[in-house]
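Two complexes, one shared chain (subunit A), two partners (subunit B, subunit C).
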Partner chain A sequence: MLSYRSQKPPVDWAAYAFVALFTAPFLLFNIAPIVFTAYLSFMKWGIFGPPKYVGVDNYRKALENDQILISFQNILLYGLTIVPGVLVLGLMAALYVNNRWPLSSVARVCFFSPYVVSATVIGLVWVWILDTQFGIANHYLGYLGIDNIPWLTSTDWSLYGVGITSIWWDMGLAFVLILAGLQDIPGDMYDAAEIDGATRWQRFRYVTLPMLRPVLSMVITLQLIATLRIFSQVYVMTSGGPASSSTSVLYEIYTVAIRNQKFGLGAAVSMMLFVVILLVTFLSRRLIREQST
Partner chain B sequence: MKKSEVTRRKLIKTAGTLALTSALPMPFIRRASAATELVHWSPLAASDGEVWAQMIQNFNEAHKDKGVSIRMEVVNWDDYTTKVLASAAAGEAPDFGWNTDPRPSFVRDGLLVPLNELAANSGLDLSDFSEFSINASKFPNYGGDELFQVPLDLMSIQPEVNTAHVAEAGLDINDWPDDGDGLLEWAKAMTKRDGDTVVRSGIMMTGSGVQPTVTWGIVAEQMGFQRISNDFTSVCVNPEAGKAAMQWVLDLFDTHRVSTRDVTDRYKAFGTGQGSIFWTGPWTINGYLAQELPFATKLFPKVGEKRVTYFERGALELYLQSDPSRYQATMDAVTWLSDNSFLWCTEGRGASPRQSILGRSDYKTAGAPWDVRGAFVDGLEFATAIADFPIINGADFNIYSGGNFLAKTLELVWAGQTSIDDAMTKLQDGWGESLEEG
Partner chain C sequence: MNPLAYLKREYGMAVGDIPVWIVGLAIAALWIMPFVWMVSTSLKYPGDVMTVDIEWLPHRVTFQNYVDIFTKYPVWRWTLNSIIVAVSATFLCVMSGALAGYALARMNFPGRRLLFVLYVASLMVPIEVYAVPMLLGIIKVGWANTYQALILPSVGNVFSVLIFRQFFLTFPRDLEDAARIDGAGHGLIFWKIALPLARAPLIAATIIIFVLNWNNFLWPLLAVFKEEMKTLPVGIAAFTPISGTATQLEGFALSMAGVTVLCIPSVLVFLILQRYFIQGISSGALRG
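So, the complex of A and B:
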């Protein structure tokens, strides 16, 4: 009969080693910064010297700061502008390529290529495209009888100027994901629908869209998170202006923490953004799940 | 079969040696090597940056066989202070940097190295510097009579004027106006409109950011406004003058219609002829000359009761090191750069604080032509509107900023989202709190 000691399974150190390859960097570079940020949000700290405990003072200051409140409002507006834009245009582009319409192989490259260019370059290029007086956007809109639009210099338009740029930049990823989803839909389903007399629109409405739902759900979630964290385009194109009309939470965190060395306040705003992203993501996932059931 | 020679003892010894070597701080390695490499951070990235890079290269060539060299790294201006703080906290601060703003908190926290003794050992002749520039490099509240920066250049903001637009409007550049009314007449003559829309600004402005903020700062001081009282006990002295200056800036857009808010990059816009008068600093000269822009630089007119313009001082400062033996070598390098700053103060940026350079017969003929460079130097006479103040929260008062408390407050006025009265009240409250921190 085997003893209790000999029945105990041996520790598989090799398995721990393999898991540690992921876990250790994850804890160090993902979890530890979140914990440190949470800690800092209760401190007053300017990098040099020890942090000083201030309780919830940073959160109070953040909630009393007009600039920061506007930035939260703006990222929700960005979300409402950019996410539907990326989703609809990404879907249209994917359908175009998937249906092998004319020049679809060239279109595939064109649709995806903006995504591989850095946001800084995109921002700089679009500053010129959207220039009020000399930009090509207003030039061509002029042919339609539309007056020059101050895309980046007016409080009414700057958010949309940055939003359009972001849609153009982000559409590439949505396009690839949706295209992959389209190519996974079995051809038999379309054949069956066609035999049943479904029109092209009905095939799209009752076959394509339901089958794409998991992919679209993922695109919405990813895009929502990316949009709530929008920074580079804002930094390059408008610096959050004019009058904070295009600012974002990340840009305000950068201003508060990196420019003004108020790391405690920056950390408090970061934690608030963390909670907002969690909530919005949770709600959107729940909404999509409810619709699908 | 030969037995392996790698014994446990040997393995531990080798691993220990490797670990010890890798754990050694960099300065030790730097010291141990024959040459000392000084690390220098600079935020200069406009056309003046090329001249500064040349200065560093000149130093390295002059010290090729002397065992010392400078490695320059360009750091984004917005992040400069934070990066210096972070690197110092990690014990890896650069040896020295070029900076414009006085940072009393750096002195209070021991981040800046006191220079009196080091400067004396290096043979830096402090009597050659203007008294004003030396006093501005001391922080009596935190550092007594110690010098913490070596002044390198002085500059003012003055109007650059597109001479092609001047000729086109039938004006004579030699009749440049001396007062606010004349300035507006010139601006109106050179402004181009398409219906009600300004398509070429007589006075180059942006709808937010640095340009309207610094314009307000200059005009407000001309009208008698003071951000902080002379005794540093109160803020917003003569608020009515500050409000009048806000109105003056607003009128450029809405009443006189000589400026448009529809400009995103003021430097490029002036360079491409979208503006006729653009007040800026000497860092733009080389770039505009290279692109053959026809322009001259004039003195800032007297818009208010007295003639005032923006003043800025560039200086070199030494940062806290874990190895203090590097300070003297760094100070020697800073002394060399100061002694040889003729190139920097003729082709690079602004005027020199040193009499020996200003007194040279070729001072006005070297570098960029005097008609584009001279006003920046001559205008120092009335350049008294300093960027920010030597207090802990001085950055909140900085008139050359696009993102600080002042700029964000004024931005709402320019966009018509708050009244001038409310903005002034907000400045009084916010600056009052900032001043309380010392």
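So, the complex of A and C:
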């Protein structure tokens, strides 16, 4: 019996059949295109003729292209707008629903529901809400004495118009993740704090917040990556305009590759975005690990 | 009975909590007002939409906008395309993900670890990064404007594998051993025992992936350039006043009818199965 235990378990050859059904499309449509993108980023390729090797030319062109540089600057601004908005609102909504007061399950559905509808719905509804002349946003801001804001039609505001819309769309995910984190905090920790005479604020500051730290870090990372990938809202709401003021990196890739058919340049910008995403992922993982030790 | 005493006994609420409770409910209601405004606008006559006074409840109601989007634009066809694409992509993704998740959790084979690392690592490369080069490949093999081009790239969604792997890791070994003694192989165990018991991850994976596929935007936008092969989100997106022309002609009443139709399936699925939906999202993403 002992000798049998120390042996390696037999190989289940059938396993390869089990994983094949998923792995075949996965390799063909998720992995191969990544390799092809890396290859294309070193090629010059339009609609005519075969691709031609040009070294790092595409990367140099990308770094000299004002539009593309603006788009990288814009996703940074989107990040600074959307990530704090989603985090703060998601945390407040989760703390509220976690009280389990009457009707809190209805509130949960309300806060989460924008997350389940498509970019087209979000985009078109908010184009209407943020309409300069007849939109309800400006109508109600008017009661506060604020003049009509050209949310989506001026270079100063368009990025924030799309940003506010994205906060509304994305908050639901942060909200349910933080809510799940709150429910994982053991109740006796609060009981102990209460016995020590901690006020509500002290309980939040010294029990809830430290216990939530891993979840909050994860929410920030996920939202940051989602924001670096911002595209659909931009496409539907502003087409990146006016004058590139709300454009994003993916919108520029779309313009360069699909409209202008510079496939090599598009692939190079894609690789640059990929590197930024990797950096953000690793940096935030590292920060989380350092904080938790 | 005293309502304050009731709230205190049943919910542990103090008197000071009541204003917070009411303000919170008001904010929750405010949060879904964009949807209310969307439906309200879609029921108005186009001439009643652009008004200085805000009319939440239309003083006269019409369903003409809904008739118009289905008769003036190929919305039936887009809906059909969306159903075909979302249903088949979801079915393939969930079934292949259940098999792969089971194998990763319960079967022993060389390369298991490598495969798992590859799946998880691929999560760091979003489809947007490689969508255009993939499109070039799809065009090269003559798949532009086809259903397979819309369906197959959505099958390899790693979320499906991860949710099933996690479930099957906690699956009781005794059941499997009993079946093994009876001479059942892994195929039989999977079909007869494992899958029927995996109801919760099956429902969660199916509805979450269905909603993702139904809402999918970038890839269908790229892969299709024939009007009759568009999916619903891409087709309706042309009703924007900026990049499309439809709204400039018809106004917001029509576009709000379009997006109301578009969000019905995902909102229904979410409302009916929200418990599975929220649990699946929070458990799946926490490990991602």
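The rule we apply is simple: the second predicted complex is superposed on the first by the 254 of 293 C-alpha atoms of A that agree within 3 Å, B and C clash if a C-alpha of one lies under 4 Å from a C-alpha of the other, contacts with A are read in each partner's own complex, and residues count from 1 in each chain.
Please note the rule applied: a contact is a pair of C-beta atoms (placed from the backbone, for glycine too) under 8 Å apart; a residue touches a chain by one contact, two chains touch by 3 or more.
Computed from a predicted structure; not experimentally measured.
Participant: Clash or fit: subunit B against subunit C, after overlaying the two structures on subunit A?
Facilitator: Subunit B/subunit C on subunit A - steric clash.
Participant: Let me test your reading of the model: by the given contact rule, A:Ser113 touches which partner, first (subunit B), second (subunit C), both or neither?
Facilitator: Second partner only.
Participant: Looking at A:Gly241 after the superposition, I want to know if it touches subunit B, subunit C, both of them or none. Which is it: first, second, both, neither?
Facilitator: So A:Gly241 meets both subunit B and subunit C here.
Participant: Which of the two partners, first being subunit B and second being subunit C, lies in contact with A:Thr37: first, second, both, or neither?
Facilitator: The answer is second: A:Thr37 touches subunit C but not subunit B.
Participant: With both complexes superposed on chain A, which partner does A:Gln202 reach: first (subunit B), second (subunit C), both or neither?
Facilitator: Touch partners of A:Gln202: none, neither subunit B nor subunit C.
Participant: For A:Ser154, select first, second, both or neither according to whether it touches subunit B, subunit C, the two together, or no partner.
Facilitator: first
Participant: A:Gly49 contacts which: subunit B (first), subunit C (second), both, neither?
Facilitator: first
Participant: More subunit A residues touched by subunit B or by subunit C?
Facilitator: C
Participant: Per the contact definition in the header, classify A:Thr132: touching subunit B only (first), subunit C only (second), both, or neither.
Facilitator: In the superposed model, A:Thr132 contacts subunit B only, not subunit C.
Participant: I'd like to know which partner A:Arg259 touches here: subunit B for first, subunit C for second, both or neither.
Facilitator: first
Participant: Quick check on my understanding: which residues of subunit A belong to both its subunit B contact set and its subunit C contact set?
Facilitator: Comparing the two interfaces on subunit A, one with subunit B and one with subunit C, the shared residues are 127, 131, 133-134, 152, 237-239, 241, 257-258.
Participant: Touching residues of subunit C toward subunit A in the complex: what are they?
Facilitator: 7, 11, 13, 17, 20-21, 24-25, 28-29, 31-32, 34-35, 37-38, 41, 49-52, 54, 92, 95-97, 99-100, 102-104, 107-110, 112, 115, 118-119, 122, 124-134, 136-137, 152-153, 155-156, 158, 160-161, 185-187, 190, 211, 214-218, 221-222, 233-234, 236-237, 239-243, 252, 255-256, 258-259, 262-263, 266-267, 269-271, 274, 277-278, 281-283, 285-286, 288
Participant: Contact residues on subunit A for subunit B in the complex?
Facilitator: Spelled out, the residues of subunit A in touch with subunit B are 46-49, 67, 127, 131-134, 148, 150, 152-155, 237-245, 255, 257-261.
Participant: Help me check something: in the complex, which residues belonging to subunit A touch subunit C?
Facilitator: 9-16, 18-19, 21-23, 25-34, 36-37, 40, 93, 96, 99-103, 106-114, 116-121, 123-129, 131, 133-134, 136, 139, 152, 168, 173, 176-177, 179-180, 215, 218, 222, 225, 229, 231-232, 235-239, 241, 250, 253-254, 257-258, 263, 266-267, 270-271, 273-274, 277-278, 281
Participant: Hey, which residues of subunit B end up touching subunit A in the complex?
Facilitator: Spelled out, the residues of subunit B in touch with subunit A are 78-79, 81-82, 85-86, 88-89, 105, 109, 111, 197, 199, 206-209, 260-265, 274, 395, 402-404, 408, 411-412, 414-415, 417.
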